[in-house]
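Here subunit A shows up in two complexes: once beside subunit B, once beside subunit C.
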Partner chain A sequence: MKINNRDIRHTLKSSGLVLDIGFFKFNICSSLQSIEETISTLYCDYVHTEYDNVEELVDFHVQVRQVKQILSPPFFNSQAQFFLDNTAPFTPLPIQHAPAIIEWGMNWCVSSQINTHLIIHAAVMEKNGFAVVMPAPPGSGKSTLTASLIQEGWRLLSDELTLIQLDTYQVSPFPRPVSLKNESISVIKNRYPDVVFGPVSSDTAKGTVCHIRPPTLSVKNQHIDCPIGWIIFPKYQVDAETEFLPFGKAQTLMNVAENCFNYSVLGQLGFDVLKNVVDRADCYQFKYSNLDEAVSIFSKLEPPK
Partner chain B sequence: MNLPILCQVFNGQVAISDLTINQWDLLLRQARSAMLLAKLYYLIESNQVLDDIPATAFRYLKSAKIHSDKQLNDLHWEVRHLEKIAKKLKYPLVLLKGSAYAMSDMRASKGRTFSDIDILVAYDNITNTESQLMLNGWVSSTLDEYDQQYYRQWMHEIPAMRHMFRGSVIDLHHNILPKTVKNCPNAQLLIAEVKLLSEQEGLAVLSSIDMIIHSATHLFYDGELEHGCRDIIDLYDLLNQFVDEGGELNDLVARANELGLQNPVYYALHYVNIILHFSVPEETINKLQGNVPKGLMVYIMDFLFMRALMPDHESCNDSWTGLARWVLYVRSHWLRMPLHQLAPHLLRKGYKRVKGEEGY
Partner chain C sequence: MAIYRWISEISYVKWGVSSVIYNASSGNTYLVENIPSIMMEKYSANCCFNEKEIFQNYTAIDEQLITDSLNSFVKMDLLEKVED
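== the complex of A and B ==
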């Protein structure tokens, strides 16, 4: 579905543009040009509706606004700030970071407000009916790997937030633009020239940040839940030999728990869900420097027995 | 005056099953701003209509409920640690507000958000209690000498104490209002009436009447009313439970007269009646002695509080809301401290803020 850019601009500035992302509806309001650009380049495949025409409940009313500090000198660069229903959870950042601000803000909405799922800070993708979960701290090359694999036939379920249902232990997809940082931007650009990049946010706390458009098919299939087949801890290391080793289940559980947003909030239930997930999945740790070898290893993954 | 949908749902004016999608949207947004999502969950659960609400609404109510239950669980854990200290003391540690509601398993604790643990002891026991808390890992959260002195000289509590490892925060009080307040009650009267908890040795809570009075005092002397809506619902829960268990509002009024806290109790009954339709007989209110608002003053205070006690959400604001909140903020300082003490304090705080030594 193609959307008219003028309509996007108008809708974002008035009652808001509602995007269906996973099982969520985000109503987005912003008069910033870069937000409009983000929406039209990265979110064009999602179902989008004018807020006034939405007949169901919206999950999050979000705004990205230009803000000016009181008493700031006239030449002072203005800032942008994220709001969830007019409440600002974060301090404002330079206005050129707006495309990253909205992505971080939307992630925060889900990770801070949802306890009906166990939420892991992890990338998750699906192939042949099973999902691979990759929990990893920043710098582990998780996003670069994700960005590559989704160009190689994997379905993107999420780049940041793995949402696990508490009763079925399946992943509810929440596919969003994949965030790339610094060198990985050019790595992906060179490797996959057809990938669509959104506006760049330079000099953020995380360096230069740029998001890529998720594959159309991943967005189209965003309502298809998926059982977890593998949990893999990736680690990018310069010049490292590719190393793909089984990882103990107990240690996997502890490592995943550490990467959860609401593991302790869910208490006993959190443990039970995670235990079931880990029990059913094959667990590995994975060291790599060569993306070709990485892609090849992932393509050979056998469904768990 | 039209009440926000959140208040209309709590006071029963609008039935959950009759809500339109647009009303649900506003209800959830107002409840989120007022930190009342979990409370709303329990209200809907007690009406047995959880199965009939939209899936999206359920998601957020349930998520908030899980979060609130977790806080309650954490609170129980902290209280177990306090119990170890309390056992060894010759006087009870009196839990106040949220932790008191929770440990007495009261209606007001359901779906509430819990943060600090408030404790009351007699003034003479402050030093000993403070050292016992310190020996068990709670340390003063501010090292600033001025703040320390300010608290100890003028306030009804010592600076908050944070646990070194677990991060839990205890506010240790010797009264429910600062010493500088004109109507500062005699804390001994409160302590004389406490109820010991049966399951927790050495811990106690205020009598149910005093709990209501404390909640009212806290709300109507406090300047930061962003969570005023949540606090008025606390009062509503407390009052309902009190009446349901056979309590007499006349006894509440008599106690307010005894403690000299007629004003906050007047406001509590007045606004719980207007906002949440809790019925209070006129003659009960008339038994409040002393300087309770009358005539024009009632109109002025209604003008202010009927704005400030609403959820802090744009759909509940009008062009006077900001001013109303500001006036009440100033009023609270005025009530809590005479100007000749307040002015130097604010000047000093302002100066430190400009210097960047203090956050906003």
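== the complex of A and C ==
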């Protein structure tokens, strides 16, 4: 059941709003207007349910609360803090960062609490029945590339967390708003004027952060799993010539393992899953500075042999 | 010439000249290059690793490569020397 925007404020402030996101259900509570704005702008295509009406179990009960330090002076700006099950795993941040706080917090819930999947810090998208996994450190242009590709027909499975099933090695989608930072925000705004942006969080530890709404079709198909066809390590480099080169599978396995949240927790099973995933995928390293060329190269990817 | 024994449970995968070895006892993962297949076959057979016997039976194998691989495996806590 979807609820309309008018009800979102009331529901967020009372029992909480349940969002059905891929494999998980989040119950979200907050009285902050910026969170209401985030939900109504970025999550309008998801199934919203009032917590009181949920028959199934909720995986994560999260809140973003306004907090004030007891000894802080009156002029001290209030802060916002993320809670999971009424426990605050992080220190509070300036209240204007609330839209980023909830996104980071929801990522943390899955990356730190879930071991039903092998979880890679990587963007993942699907086209023609195969997923491309893009593990990359911050600053590599992963999210900018992801934001572009999902406007070019790729299905967003996740911008941050690739969830791989332990038995089938397929990706369980977890499509969420795509996080853009600093210059990437204007790059995507200029390139795709119809993209819907959520509230901006300025002066965060990562600079200016803003999320974009996932494509409606990606949300609609969020329960359709997908086999992995390609593992690509992207690297944005100013003025670089586009380079798309095969990458060794052994080194790919090592690099992906380093980007996993729970590889060591899963132990032998984690290795076995990764071994199978890498074995079936075509692996590449990709350097780019021109988004048009990047989009073109991705559009020509051949299904893995 | 020494005899070694495996001291860890391992899994591995080989692509071309590169192998990735997972040491289930420690949880560590290693990327190794140019490991002679015989070494992994000996692990599969759950054997001790007799350097002398290998050199006698597999004359085509580069002895230095075997010695280097053995040293690497010892450093990775996969093998230990039991007899010199």
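Simple rule for what comes next: the second predicted complex is superposed on the first by the 302 of 305 C-alpha atoms of A that agree within 3 Å, B and C clash if a C-alpha of one lies under 4 Å from a C-alpha of the other, contacts with A are read in each partner's own complex, and residues count from 1 in each chain.
By our rule, contacts are C-beta pairs under 8 Å (C-beta built on N, C-alpha and C of every residue); 3 or more make two chains touch, one makes a residue touch a chain.
Just so you know, these numbers come straight off a predicted model, no measurement behind them.
Aligning the two structures on subunit A places subunit B and subunit C next to each other without any clash. After overlaying the two complexes on the shared chain, residue contacts for A:Gln170 are found with neither subunit B nor subunit C.
Of the two partner chains placed by superposition, subunit B and subunit C are both touched by A:Ser264. Once the two complexes are laid over each other on the shared chain, residue contacts for A:Asn115 go to subunit B alone; subunit C is not touched.
With both structures placed on the common chain, the touch criterion links A:Thr208 to neither subunit B nor subunit C. By the touch criterion defined above, A:Asn86 lies against subunit B but remains apart from subunit C after alignment on the C-alpha atoms of chain A.
More subunit A residues lie in contact with B than with the other chain of the pair subunit B and subunit C. With both structures placed on the common chain, the touch criterion links A:Ser31 to neither subunit B nor subunit C. When the two complexes are overlaid on their common chain A, residue A:Thr242 makes contact with neither subunit B nor subunit C. With both structures placed on the common chain, the touch criterion links A:Val58 to subunit B but leaves subunit C unconnected.
In the superposition on chain A, A:Ala250 makes contact with subunit C only, while subunit B stays out of contact range.
Of all C-alpha pairs linking subunit B and subunit C after the chain A fit, the shortest spans 7 Å.
In the superposition on the C-alpha atoms of chain A, the part of subunit A touched by subunit B in one complex and by subunit C in the other spans residues 264, 267.
Interface residues of subunit C, counted against subunit A in their complex, comprise 11, 13, 15-16, 18-20, 22, 24, 27, 29, 31. The touching residues of subunit A, when paired with subunit C in their complex, are 248-251, 253-254, 257, 264, 267-268, 271-272, 275, 279. Taken in their complex, subunit B has these residues touching subunit A: 21, 24-25, 28-29, 32-33, 54, 56-57, 59-60, 62-64, 66-67, 70, 73, 313-314. By the touch rule above, subunit A contacts subunit B in their complex via residues 25, 55-59, 61, 85-87, 113-116, 264-267.
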